[in-house]
Amino acid sequence: MPEAATVAGLTRDEAKEARRRAGRDLGALEWAILAVQWSEHCAYKHSKELLRSLPKDGAHVMAGPGASAGVLDLGDGWACAAKIESHNHPSAVEPLQGAATGLGGIMRDVLAMGARPAAFLDALRFGPLDDPKSAFLARGVVAGVGHYGNCVGVPTVGGDVYYHPSYQRNPLVNAMCVGFLRHGEMRSAAAAGDGNAFLLLGAATGRDGIGGAAFASVELQADAAQDRPRVQVGDPFYGKLLIEATLEILRELPVVAIQDLGAGGLAGAAIEMCHQGGVGAEIELAAVPLRAQDLTPPEILLSESQERMLLCLSPQDIPAAQAVAKRYGVEAAQVGRITAKPTMRFLYESECLSELKTSIYAEAPLRSLPQGAAPKVAGAMSAASPVAREDLLRMLTLPDLCDRSPIYATYDQDVGLRTVVRPGLDAAVLRAAPGAPGVAVTTDQNPRLCAISARLGAEHAVAEAARNVIARGAVPIGLTNCLNLPSPEHPAGAAALRDVIEGIRQAALALSLPVTGGNVSLYNEAEAVAIVPTPVIGMIGLLPDPERAIGVAPSPPGAAVLLLGDPGTSLAGSVYAEMKGLGEAEPAAPDYGALRRMTALIGDGSAREEILLLHDLADGGLLVALAEVALHTGLGLDLRLESSEAAFLFGEPSAQFVALASRADAVAAAATRAGVSCRELGRTTADGNLRIAAPAGVMEFAQSELRKAWRREA
Amino acid sequence: MRADILVFPGSNCDLDTEIALREALPGWQVERQWHDGAHLGESQFCVLPGGFAYGDYLRAGALAARSGAIAEVRRLIERGGLVLGICNGFQVLVEAGILPGAFQANTVQHFVCRDAHLRVERARSPFLADFAEGDVLTLPIAHQEGNYRLTADEYRRLKDEGRIAFTYCGPHGESGDEHNPNGSYAGVAGVLGAEGRVLGMMPHPERAAWPAVGRKDGLGILAAALAPRLEGGGH
Amino acid sequence: MPEYRAHLQVRLRQGVLDPAGQAVGHALRDLGFPARDVGVGKLLELTVEAASAEAAEAEVRRMAAELLVNPVLEDYDLELLPR
Amino acid sequence: MPEYRAHLQVRLRQGVLDPAGQAVGHALRDLGFPARDVGVGKLLELTVEAASAEAAEAEVRRMAAELLVNPVLEDYDLELLPR
């Protein structure tokens, strides 16, 4: 068997199956393409079956799994495209370019739906920063997100970041892109029309990232440096030109289908487009504009050079498309034509190098998962000692809880004039256009919970993401996800894959949310350390009038402080339990009923009008949420709490919110109607200080003291 | 009356500027013009928007400053039209020699995006007509190379000529290094051309022309071109 | 026509603040390296066709004056090699 | 101890995309200059103390490996001059 196939991790059986389907042995070029198309990264060999169990239908769904990005209807003729994707292994090797090209890749997925990319979010996971290598990776990744996003002119409006030892050698970089489009502008990737042309639009092809998909489908080697020739470099300046050229061509011309070039390069895009449309194609490799003249045919086909799109359109429209491209200074070459016969013919100067049925490339044999269950964590927790005021201050300094502005202040959050609410607290808010509807968007996942139980962790990731958009007054209407997991070839990794998908399924069903797509990144282990299962959830919440989202108007002193939802009764899985070494126990599943009631409450106009700010309890529980409200608004809070129990103050319930309200009674009445419990805790004050009276005594914190801890200046 | 926005490859605040100008200049014709073949003959007001023209490769603004469209900008200035360079547009005007000084990377060596406070240093320019000297504005900044360099002599000369438009300050107008986000000489955030009809500024007024969400301090700057103030300046 | 490869070493002028150099210097010292007076400049390389070395040099100096170097902040050295 | 001035010329490795070089090349040609194969790299200069030229070179190469040069994307040439 040729080297290419073994290198890419095809098994003997897979190679045999390929020969059986072809009815002959394959040539070197065919093995090379197959190696990428049948890699885990492209073919979802381990996860495809399981992913089918996720709910995908919903009133707002216009495009779901299988499309380049999910599309949700926002009303008023507007829609939102969103997808999240990982770029973990490239970022481990070269953090800046790895993150930058991660953003570029996901941005082009959204562009391929016909949407204008409007925002990024970045979900990042690193090892603890006292390890210099982790600090280097974190710096590089954040610089890379800024480098690409700022220059390409798409704001980065949110994300999340956690530090956990399991990510030390295998950091995670998940990038989400959100775009907006009018209903009639939506495009698909299904090529069609015998004789139609394939137009390759974008950058000239170089020797970048060859074999990248295969690289993402194996465990990281200790010396990842040897994988260096595969590193891709993003050019956000060119990316910006590509956005404008693509959108203009889509606007002006009847483009039949479009997809971005990602894993598997030109071969991958052409194969997928043809397979979706049930057609074939002839691709002329000599027509591909090259950056380096000495590329071989397999290199031309498989190069993962960035900033390229493949379009299917009538040959008559090619000159007009090329004229648009020329104005923007991007390459546009006709590289092939569609054939009714569903085979992929690759030519070089008209000489046929290979002809093989499209489906052979596109339908990789699936692999079964080894049996096994996730290891159980011990269930006993020791009792908490009485809460001290230092507990809150210490908690605010923890890397997972402290101020995120040093990260997001290096990102352009505003470009595009769509950002109604910037990063800072919970979900960001975007408008599609002036006067148009908009969305609240967030990414979430909590490694602490996922380490205890992958399934519960996945459920809570969905719940947290839902809470974050609800906090903006938005109704969750769909989610996308990125499953970052260790090797599925080991029983524990296989169990984690099953568990996170089951967790998302449970949560999505309970909240009636469609899963509009996602991405699976397996083999996240390095030097024999597997990452904590990390199902990152990207949530979209609908806001018909985004300029009136909760949190847009400033909150004044004298507002009522309310607690909505049932208080915490357990410390299982909490930051507090970890900080105090109380042990690990499985937390309860999310209270989906309560989340639905909260959704109903913010949908009630009379309550919405009165709520000035809403912030959910997450890491750190009630006291941290209250401190965050004080830090975010600069206001003081003068409060009386009914309990001094650690579980009440620091427990992390799944459906609880702190609200600031202009009129407490109106909110309380609406809460009663919605079946949400509501407690009045006190008032906001002008002095900026947090004052909490509880049965065990009074705790007071000056704003400056909170701020110093939160900024880790202490 | 017509305002034009000059678009270079890599400009990325051009659409934003268009939205904001429509808000600030009701009734005006607002157009975006691609740099190649741009024509400002009918224009009273030209904005060079923010972004990364030509990727800001080599030096921020350097490549755009050599574009043919800059000759159109110079002609508009000669005719007495108004020119506003925002962020990258300011860098382009400086690289083109239309405004003095030079830019370096922020002293913090990374991109900075946040609200900044600006003190209005001078009110004798159409761009500042809505303000009084000493007014404090809140405008977002978003840049990597906003460290505006002047020599001490140049600074004094500009100051004497009343050409310092804005300096970075605290929320109450107080000066100090802690309020200077990028290391700019003397905290200068915006400078005027000799007649006060050219303004270059790093902060983004077009991002603060959105009253519905409480961002509005940029409107006055963008409204500089409102008809009455153009008297004698047009052609 | 003969071709020449031009190497321009572009440095900040004497007396101009070099925050990038300072940052690199700090980082080096944090790592325990005894480095001082760190400067960060640009290296520009390009190929020109010209009738002679003198003509090539004149051409590249025009490119430097018109675009490549910002005389307000930068100086440069030029080296020219026949190809 | 003697002092040395190190000059590092840092270039993108062969085959790595050089967006800056491409953009500058375009601009030069737009201005009518016959420039080709433009590359934009970095020039790093610093002073080290070391017992000998060999020791200084070893030290600077360590700095390059640990911080100054990104081996994934860049190559460099080192020149060392006694001060």
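A, B, C and D label the chains in the order they appear, each numbered from 1.
Heads up, the rule we're going with is that a contact is a pair of C-beta atoms (placed from the backbone, for glycine too) under 8 Å apart; a residue touches a chain by one contact, two chains touch by 3 or more.
As the structure is a computational prediction, the values presented were derived from the model and not from experiment.
Novice: I want to compare two interfaces, B-C and A-B. Which one has more contacting C-beta pairs?
Specialist: A-B
Novice: Quick check: how many Å separate the C-alpha centres of chain B and chain C?
Specialist: The computed centroid separation for chain B versus chain C comes out at 30 Å.
Novice: Which integer distance in Å separates the CA centroid of chain B from that of chain D?
Specialist: Those two chain centres are 35 Å apart.
Novice: For chain A, which residues are shared contacts with two or more other chains?
Specialist: Only 235, 237-238, 329 qualify.
Novice: Got the chain B residues that touch at least 2 other chains?
Specialist: Residues 54-55, 57-58, 63, 66.
Novice: Return the residues of chain C touching two or more other chains; collapse runs of consecutive numbers into ranges.
Specialist: In chain C, the residues touching two or more other chains are 42, 66-68.
Novice: What graph shape do the protein chains here make by touch: line, ring, star, complete or other?
Specialist: Contact pattern: none of line, ring, star or complete.
Novice: When you check every pair of chains, which ones turn out to touch?
Specialist: So, checking each combination of chains, I get A-B, A-D, B-C, B-D, C-D as the touching pairs.
Novice: In their shared complex, at which residues does chain B touch chain D?
Specialist: Interface residues on chain B, with respect to chain D: 54-55, 57-58, 63, 66-67.
Novice: Across the complex, what residues on chain A touch chain B?
Specialist: 143, 146, 150-153, 235-238, 240-241, 327-329, 405, 408-417, 420, 434, 547, 552-554
Novice: For the complex, which residues does chain A have touching chain D?
Specialist: It is residues 93-94, 97, 203, 206-208, 225, 228-229, 231-233, 235, 237-238, 291-292, 305-306, 329 of chain A that touch chain D.
Novice: Any idea which chain B residues touch chain A in the complex?
Specialist: 9-10, 12-13, 15-16, 19-20, 34, 36, 50-52, 54-57, 110-114, 140, 142, 144, 204, 206-207, 210, 212-214
Novice: Show which residues of chain B lie in contact with chain C when the two form their complex.
Specialist: 58-59, 62-63, 66, 95, 101-102, 104-107, 109, 147, 149, 183
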